[in-house]
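Both of the next two complexes hold chain A, though its partner changes from chain B to chain C.
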Partner chain A sequence: MRKEDTVKLISAEGFEFVVDKEAAMVSQTIHNMLTSPGSFAERQHGEVTFPEISTTILEKICQYFYWHLQFASSIDLNSENLAVVSGKETEFPIEPELTLELMMAANYLHT
Partner chain B sequence: MSNQRKRNFQIEAFKHRVVIDPKYADKTWKILEHAIHEIYNHNASGLSFEELYRNAYNMVLHKFGEKLYSGLVATMTGHLKEIAKSVEAAQGGSFLEELNRKWNDHNKALQMIRDILMYMDRTYIPSTQKTPVHELGLNLWREIVIYSNQIRNRLLNTLLELVHSERTGDVIDRGIMRNITKMLVDLGPSVYVHEFELHFLHVSAEFYRVESQKFIECCDCGDYLKKAERRLNEEIDRVSHYLDPRTEKKITNVVEKEMIENHMLRLIHMENSGLVHMFSDDKYDDLGRMYNLFRRVPDGLSKIREVMTEHIKETGKQLVNDPERLKDPVEFVQRLLDEKDKYDKIINFAFNNDKSFQNALNSSFEYFINLNPRSPEFISLFVDDKLRKGLKGVSEDDVEVTLDKVMMLFRYLQEKDVFEKYYKQHLAKRLLSGKTVSDDAERSLIVKLKTECGYQFTSKLEGMFTDMKTSQDTMQGFYASHPELVDGPTLTVQVLTTGSWPTQSSVTCNLPAEMSALCEKFRSYYLGTHTGRRLSWQTNMGTADLKATFGKGQKHELNVSTYQMCVLMLFNNADRLSYKEIEQATEIPASDLKRCLQSLALVKGRNVLRKEPMSKDVGEDDAFFVNDKFSSKLYKVKIGTVVAQKESEPEKQETRQRVEEDRKPQIEAAIVRIMKSRKQLDHNNLIAEVTKQLQSRFLANPTEVKKRIESLIERDFLERDENDRKLYRYLA
Partner chain C sequence: MDMYIRVKRSKTTYFIRCKPTDKILEIKLKLQELVDQPANNQRLIIPATGEVLEDSRTLADQKVENDAVVALTLRKDDNEFEEVNIVRPNDFYQARDADGANW
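Here is the complex of A and B:
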C-alpha cells in the first residue's frame, strides 16, 4: 500500500489508525480536508488529529468506513446515521453504550 | 431511530459543555479570521483543517453562527477591496491578467473557506436563509471588484478592443479571454449579458456594417460571399473558443443581418457576378455558399428562388423561341435536357436538394416548354431519333435513363394529346419500316406513358404492337398455305387495325404486275381466314428490297420505298421515261412522286437514276434514265426517301386541326361526366372543373369549352336555368 493512498487518523489519546484514503473519504469532512485547494497541514502530512474523538469511537468509525465501502452501495445512502442497517449479513454492529458518542462524531464528520 | 435521536438530544442538553468563557466566541473567531487572512495570503499550508473546522463547528453549535457569518462577510469584503485596488492599479495589458489571477485566487480561497465553514453551510445557513458561502463570495466579488467604477468600463473596453484586434487579424491571448468571460458567466448569466454580451453585439453590428459596405463596393459577389462565410465561421470559432455558447446564435444573427440580409438583393443582382452569372458559369461552390448563407436569413432562399425561376424562364424562352434551334428538333430537345440536367445538378450540389427549389425548377420548365406549341412534336421526334439510332450500343440502363429524362419533359407538357398524336405517327413509321432498335425500349416507354397518363392514353399504341405481332403470324400462315410462292418475289404484309394507327388518306398507286398478283393472293387468303373484314393497301408506307444489275454488270441490292420500287420496276422495260410517263404509269400523288424521284436521281452516291436536264429540282418536263455508271462500295444500298423530318407548315396545321377535333369529344365527355354528378353548376365552376379533369392530357381552351357547352345544350344534354342564365342543369 502506497503512502499517498493512505491517511493516518489520530485519536484524542494519540492512537494512530492508518486507513485507505478511499475509505476515509466516506466522511465528507475528511474528504474536504484532503481535497481542498491550497494544501492544509493535514493534506501535506497525510495525518489528521481528532482531539475530541476517543480511541474507541475512532476505531468504530474506521470499521464503519470499510463496512460502508463494502455494503453501502446497496443501501440507501441519504442517511447520516451510523445506525442505518438492513438485513442480517450486512448489519453493522453497534454497542449501545457507544451510540451517543458515535452519533456526535458522525455529525462532526458528516458521514 | 427517532426515539434514539430524542434520547440523544436529552442527554446532549445534560452533557452540554456550558460556555463559561464569555470571550470564547471572540477568541474562536480570531482564530478563524486569522486563518482567512492566511488563506488569502497563500499561507494555508501551516493551518490545520481539523482545527479550523472544529472551531467553526463549535461556534455554530454554540449559537454563534450569526457572529461567524457577519465576520466572514466583513473579512471577505476587506480583502476584496484590496484586490479591487490592486486590479485598478494594473497597467495596460496586465490589467486582464491581474484580474484573472486575482479571480483565480479568490476562487481558490473561497473554496477553502467554504470547506472550513462547511458545517455552517450545512446547518446554520439553511435555517436562517442566508446566502451560502460560495454564492456569497461570488456576489461580493461582483459588487466590489467588477462593479467598481474604475474596473467596470475598463474591463468592457479591454475585452471589446481585444475582439476587435482579433477581427482585424491580430493574435490575442484567447486563454485569458476565455477565463474572463467564464468569470462573467460564473457570476450569473445576467452579469455576462449586461457587462459584455450586449455591448459586444452592438459593437459587432457596427463593425460588420462598415465592413460589409466596404466589401460590397469593391468585391464581386463570389468574393463577398467567401468573405461573409469566413467572417461567420470566425465568429462561431470565437464563440467556441472564449465566449458563452449561448452567444453563438446572437452573434451569428448579427453577422447574418449586417453582411447578408442588408445586402441580399444587391448581391443577387450584382452585375457580372450575381446569381444569374453563377448559374451560367456553373459555379457550384459559390452557389452552395450563397444557399448556405442565405438560408440563415428570412426570405433569403425565396429571393434566390425568384431569381432562379426568372432566369430559367428567360433562358428557356430564348431557347424555345430561337429560330436557329428550331431547325433541329433533336438538338432542341437535347438542349432542353441539358438545361434540366444543369439545374438538377445545381440543386443537387449547391442547393442541398431543396424541395422548394425543385418545384420552382419544374414550374419554370413547364412554363417555357409550353411557350412553344411545337414542343410536343419535338419531344416525340427526339424519342423517335433515339429509338431509331441513338440507342444502339447503349446499355439498357442508359436507355432507361434517357427515356426517364424524356418522360420528365413530357410531364411538363400541357398538350399531352398533341404529343400522343405525333408519337403515334412516329411510332407507326418506326414499326412499319422496321427501324426500331429495341423492342424493350419501345415497350418500356409505353409503360412509362401508361403510368403517367393511364390506360386510355396508350391503348392504341399497344394495339399497334399487337398488330405487328399478329401480322407476323398471318404471314407465316400465308406462306404455309402457298408453298409455290417461295421462289417468286416475297411479300410481307402488315395488317393494321384502323383506328389504332394514324392512317392517312390512302391513295393506292399502281403496283407492278408481279406485285399486284401477289397482293391479290394475299387478299383472298386473308379474307378467307377472317370474314367480314376489309383490306385496303397503304402503299405510301411500305418498303421493298430490289436486286438490280447495272451497266458494268455490278449487282446491288437496293432498299427502297414502295413508291420508289414502282418507279424502278418501270425501267425493267424502258431505258428512258419522262416524268409524265412515270406519273401516268404509277399514279403516285405528285408531291410523293417528286420526292421519290429526287431521292433516286439527285442524292450523291445513291443516284441509281439519271435525270435530264441535271437541275436540282424535279420538273414536270424532266426525263429519267437508268444510271449505268452507278457504283457503290456496298452491296446493299439503302435509298432513303427525302423525308420531311419535321412537319411542314400545312402539315402542322393539319395535325393541329386533327388534335382540336379529337379534343372536342373529350371535352364533351368531361362536361357530361361532371354535370351528371353535380346535376347543376354555374358556368365558371364548370369551366374550372373541366380544365382540371383534362389537365393530364391538355389545357382546355375556355372558349372551346364554352362552344362544347353550347353544342350540348343544343343536343339537349344540358339546359340553362330560366332565372340564372349562368347556371346549367343536367338533363337525364
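Here is the complex of A and C:
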C-alpha cells in the first residue's frame, strides 16, 4: 500500500487511524476535504484531525467505512443479492451506548 | 473487497484490506511503506493469545477473520522485537473493555 492512497484520521485523544482514501471518502465531508481544490491543509498532509470525535466512535466510523465498501455497494435489484445484504451476517453492529454519539458524528461527516 | 483487518501498535490503527488467502508476508508488504519498516522487521501477533503469525501461512489458516485486531511489533535497535503495545482510549467505555468483551 502506498501512503498517498491512505489518509490518517486523528481522534480527540490523538489516536490515529490509517485508512484507504477510498474508504474515508464514504464520508461526504472527508470527500470534500480531500478533493476540493485549494487550501485544505488536510489534502496536502493526508491527515484529518477530529477534535470532537472520541477514539471509540472514530474507530466505529472507520469500521463502518469498510463495511460500506464490503456490502452496501453490492445492493442492487437482484433479489438474491438483497436477501444476502439484509441477512444477519452482514448487519453492522452498533452497541446501544454508542448510538447517540455515533449519530452526531455521522451527521457531521455526512456518512 | 473481501475483508479487512485492524493492525494496531501504540496509538495507531492501520485498516488493511486483504483476502483470507493472503499470506502474512503479503500483509507485511502492504504495511511496510505505512510503517517505514521492511517486512522482516515486523512481527504480527494475535493480542488475545500472544500467538505470533507466520509469514508463510495464510490469514484463514491462522483464524484471522474480517475485522480482526492484530498487534504489530517492530524490531528494536538491539535486534529484539518489542513487546505488544496497544494503547486503549481512556474514556467512558473503558469499563466495558476491561471485561474483555469482544466488540
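Note that in this section the second predicted complex is superposed on the first by the 98 of 111 C-alpha atoms of A that agree within 3 Å, B and C clash if a C-alpha of one lies under 4 Å from a C-alpha of the other, contacts with A are read in each partner's own complex, and residues count from 1 in each chain.
To be clear about the criterion, contacts are C-beta pairs under 8 Å (C-beta built on N, C-alpha and C of every residue); 3 or more make two chains touch, one makes a residue touch a chain.
Note that this is a predicted model, so its numbers are computed, not measured.
Partners chain B and chain C, once the complexes are superposed on chain A, both fit on it without clashing.
Within the superposed three-chain model, A:S36 lies in touch with chain B and out of touch with chain C [touch as defined at top].
Of the two partner chains placed around the shared chain by superposition, chain B is the only one that A:H110 touches, whereas chain C remains out of contact. Once the two complexes are laid over each other on the shared chain, residue contacts for A:E16 go to chain C alone; chain B is not touched. In the superposition on chain A, contact of A:Q44 is made with chain B only, not with chain C. Applying the stated contact rule after C-alpha superposition, one finds that A:Y64 touches neither chain B nor chain C. Of all C-alpha pairs spanning chain B and chain C in the superposed arrangement, the closest lie 16 Å apart. In the superposition on the C-alpha atoms of chain A, no part of chain A is touched by chain B in one complex and by chain C in the other. Those residues of chain A whose C-beta lies close enough to touch chain B in the complex are 28-29, 32-33, 36-44, 48-52, 81, 83, 99-100, 103-104, 108, 110. Across the complex, chain B meets chain A through its residues 1, 4-5, 8, 11-12, 39, 42, 44-50, 53-54, 57, 108-109, 111-112, 115, 118-119, 122. Against chain A, the residues of chain C that register as touching in their complex are 1-4, 6, 11-17, 30-31, 33-34, 66-67, 87, 89-93, 96, 103. Within the complex formed with chain C, the chain A residues making contact are 1-3, 6, 11, 13-20, 23, 54-56, 59, 62-63, 65-66, 69-70, 93, 95, 97-98.
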